[in-house]
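Each of the next two complexes has chain A plus one more chain, namely chain B in the first and chain C in the second.
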Partner chain A sequence: MGTSELLWNGLAAILTLAIFSFLYRDNPFYKFAERLVAGVSAGYWTMLLYHTSFTDKVIVPIFQQNEWWYIIPSILGLMMWTRFSRKWSWLSRISLAFYIGISAGVALPISMYASIYKQLEASMVPIAFDMAGINSVLVTIGLICSLAYFFFSKEHSGLFGKVSRVGIYTLMIGFGAGFGLTVMGRISLFIDRVLFLKDYILALFGA
Partner chain B sequence: MKRQLPIAITFILGFVLTLQYFIPHRSFEIVYEVTNIWLQIIGFFAMILGILSLVMLHWDKIQYKKTNWGYSIVTLVSLVGITLVGVIGTEESPAFNWLYNYILAPISATMFALLAFFIASAAYRAFRARTIIATILLLAAIIVMMGRVPIGSIISFGIFPKLSDILLNYPNVAAKRAILMGVGLGAAATGLKVMLGIERSYMGSD
Partner chain C sequence: MYFFERITKFDRRIIFLVIGLSVILPLLFRVDMPVDVTQEVKNVYDRIDELPEGSIIVLPCEYAPDTMAELEPMLFAVLRHCFRKNIRVIGCGFFVTGVTLVEQELRQIAKEEGKVYGKDYIFLGYRPYPAVVIMSMGQDFRQSFPEDYYGTPLDSLPMMKNVKNYKDTKLVLTINATSGVDYWIIYGHERYGFPLAIGVTAVMAADYYSYLNSGQIVGIIGGLKGAAEYEKLIGQGDLATMGMNIQSFVHLVIVLFIVIGNVGYLMTRKKRKGLE
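The block that comes next holds the complex of A and B.
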């Protein structure tokens, strides 16, 4: 590790320890690191968008390629800033309408396709008389029962109540599994940070 | 005009963009590509709006010396610093990448690592096996966690990893599929409501 890398990694190590200090209690070191990341994060993503969405899609097309029509979305973007004015803030609704109209139009068929059609297709497979076939039947039963639980137009009593009960058990297994995976993911990150600190200390003392 | 024009724009654009998905014609592909660029450009200006709001909030705290105003200086200085580095160089310049690699990435990773402790303590309070459904949730979580670490395999003679795989591949898939279908229906319904002008909360009040 060179001197420059050692110094930069030292900063990363100090900030890591500052964040971990919150495990004891809220303190100035944690607050400093927290506010630092708020500023750096906001600036980083803005600059990334500045280069990829503004320079590449506004400056270069208008001033270097003479594609003047890129001015229209730029004006729409500028109209967003009228939100600061009480008199002119209604203009920002037009920009928002463009943004929301495009997003809704693109998202509607995609969500129907990916979240409904593809899921139904994956659930309606031919039944084979082997372990894979039994498993797919179990998944389908779990799915039907879980969907029954989400169906609130009918009272959950009698046979329907029992079916929805199985549905909630299935959902709870899903939530538990999701929770377990999340915790393990976070613990992996924790181990990674501890290993980083260990490696840095070893490098610092030339081991 | 102030409310009808945005509703009309939302409806027309929403309708055309929905239609382009079903009509594989070059003209509709162009509409999709152009609107996609428009979204990115408008999104950039919206991001600047958010940054201005952040700056105003912290500037206000510093100006009136509100509680913890000193930390607002840290936020503003770091924001201005990285912005200058980003404007002077490119998004691939070494200095810009250093700030990402040695400040943003370690703090973000440590923040997420910290959540492990808070999730565990929150889970202890939430999952106490008072009811049968809480017990099922708790058991599923324990099996999946034990199935992912070597000690789980050792103490159960390999049963935990197998059970964990069964839970993840079958009941978990059924549950996630049901949730996904619910989310898909909800998203489609919300999209339709927005396009038809039934949902207008994004316009705010006059």
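The block that comes next holds the complex of A and C.
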């Protein structure tokens, strides 16, 4: 590790410890590190968006490549900024309508197909007498019972109450799996930082 | 009863300290825990392994420093596998704060494996609005990326000769910590029909198993565990394998805390009910 890398990594190590200091209690070191991350991120993505959106999609096509039709989306973009004026804010609705109209037109049919139709189709498979078949039956029972739990037009009592209770258990199993994976994810981040600190300390002492 | 009341009112800082120690101790006394390979990870591995030499895969990586701990080992393992099989890679990144990170990682592994930029791999860089970019790449990669990340026109890169869109590639594998996965499924796979595999954080993995069961994706690499499985498949244990050794130990400690907490809760419940 060169001197420059050692210094930069030293700064990263100090900031890591500053963030971890929150585990003891809130303190100025934590606040500084937190705000530094937010500020650097905002500055970074503002500049990146400027170069990849504004320069590439407005300045270069209009002023260098003479593709004048890029003026139309640019004007629509500028109209979004009229939201800051009470008098002219109605103009921003035109841009928004254009944007939402296109997005809805593109997204709705294909989202319905990918996220609803294909998922329903996958739930309705022939039952086989093997582990996959048992799995399909369990999934189907879990699906129906979970949907029953969210059906509030009928009182959850009697047989319907029992079905919705199975739905709660199914949901709890799902949440449990999600929680377990979340813990695993967070611990992974912590392990990464500890490994970073270990490597840095070893590099610092020339090991 | 006093003991059980005490354990339900543990100072959370003691728990943090114990978790911290349970990460540091396995580092000092290395213990190798077994890693079992799951079918969903093997599916991704097999799909890449079966590709003929010279095939091209698209590797969009959408993550930032806050999720790199899980996804960086995954990218390393997948890239090593691809490069060793002489499979060419088109990298890109649609997550604004992770673009330079992904570019560095791609370059690092390519250097390790002796691969040449433009011939064995390219990096397209970043463009905003992933859904639009994914769809335009289905027409022609050049629509959104007339030039690569370094400003070189795509047509001048040898690897991109006769490569127009997804039809000229064999697989899209997105390593992703964002809702961009949904975009790849909906606007990419469903619209253009290419085989899609995903590598996601552990938090996200549970949400995408339904897409695996429906056949909309060919496989999932989930979190650090998935990355460790992939490392096992390529026969090179690295960051994820080391991380999972520690992770397994920490999980034991967390389970212990959950048991202690529940025992304390159950033993003091009667008393609390009496007070109510």
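For this structure, a couple of remarks:
Everything below uses one rule, namely that the second predicted complex is superposed on the first by the 207 of 207 C-alpha atoms of A that agree within 3 Å, B and C clash if a C-alpha of one lies under 4 Å from a C-alpha of the other, contacts with A are read in each partner's own complex, and residues count from 1 in each chain.
By definition in this document, a contact is a pair of C-beta atoms (placed from the backbone, for glycine too) under 8 Å apart; a residue touches a chain by one contact, two chains touch by 3 or more.
Treat the numbers as computed from the prediction; the structure is a model and nothing was measured.
When chain A is checked against chain B and against chain C, the one touching more of its residues turns out to be B. By the touch criterion stated above, A:Leu78 is placed in contact with chain B alone, chain C being left untouched.
Once chain A of one complex is fitted onto chain A of the other, the partner contacts of A:Thr182 extend to both chain B and chain C. Of the two partner chains placed by the overlay, only chain C lies in contact with A:Glu121; chain B stays clear of it. Of the two partner chains placed by superposition, chain B and chain C are both touched by A:Asp192. Judged by the touch definition given at the top, the superposed model places A:Leu96 against chain B, while chain C stays out of reach. In the superposition on chain A, A:Leu147 makes contact with chain B only, while chain C stays out of contact range.
In the superposed model, A:Ile173 makes contact with chain B only, not with chain C.
Of the two partner chains placed by superposition, only chain B is touched by A:Pro109; chain C is not.
Once the two complexes are overlaid on the shared chain, A:Leu138 sits against chain B while remaining clear of chain C.
In the superposition on chain A, the residues of chain A contacting both chain B and chain C are 23, 41, 44-45, 48-49, 52-53, 106-107, 110-111, 114-115, 119, 122, 139, 174, 177-178, 181-184, 187, 189-190, 192-193.
Of all the residues in chain B, the ones that touch chain A in their complex are 2-3, 5-7, 9-18, 20-22, 32, 35-52, 54, 68, 71-72, 74-83, 85-87, 90-91, 96, 98-117, 119-120, 123, 133-134, 136-145, 148-149, 164, 167-185, 187-188, 190-192, 194-195, 202-204, 206. Chain A contributes residues 23-24, 41, 44-45, 48-49, 52-53, 106-107, 110-111, 113-115, 118-119, 121-122, 139, 174, 177-178, 181-185, 187-195, 198 to its touches with chain C in the complex. Listed in rising order, the residues of chain C touching chain A in the complex are 13, 16, 19-20, 23-24, 27, 66-70, 96-97, 99, 125-128, 131, 135, 182, 185-187, 189-191, 201-203, 205-206, 210, 213-216, 222-225, 239, 242-243, 246-247, 250-251, 254. For chain A in complex with chain B, the touching residues are 8-9, 11-13, 15-16, 19-20, 22-23, 31-54, 57-58, 70, 72-74, 76-78, 80-81, 83-84, 89-90, 93-112, 114-116, 119-120, 122-123, 135, 138-143, 145-147, 149-150, 167-184, 186-187, 189-190, 192-193, 196.
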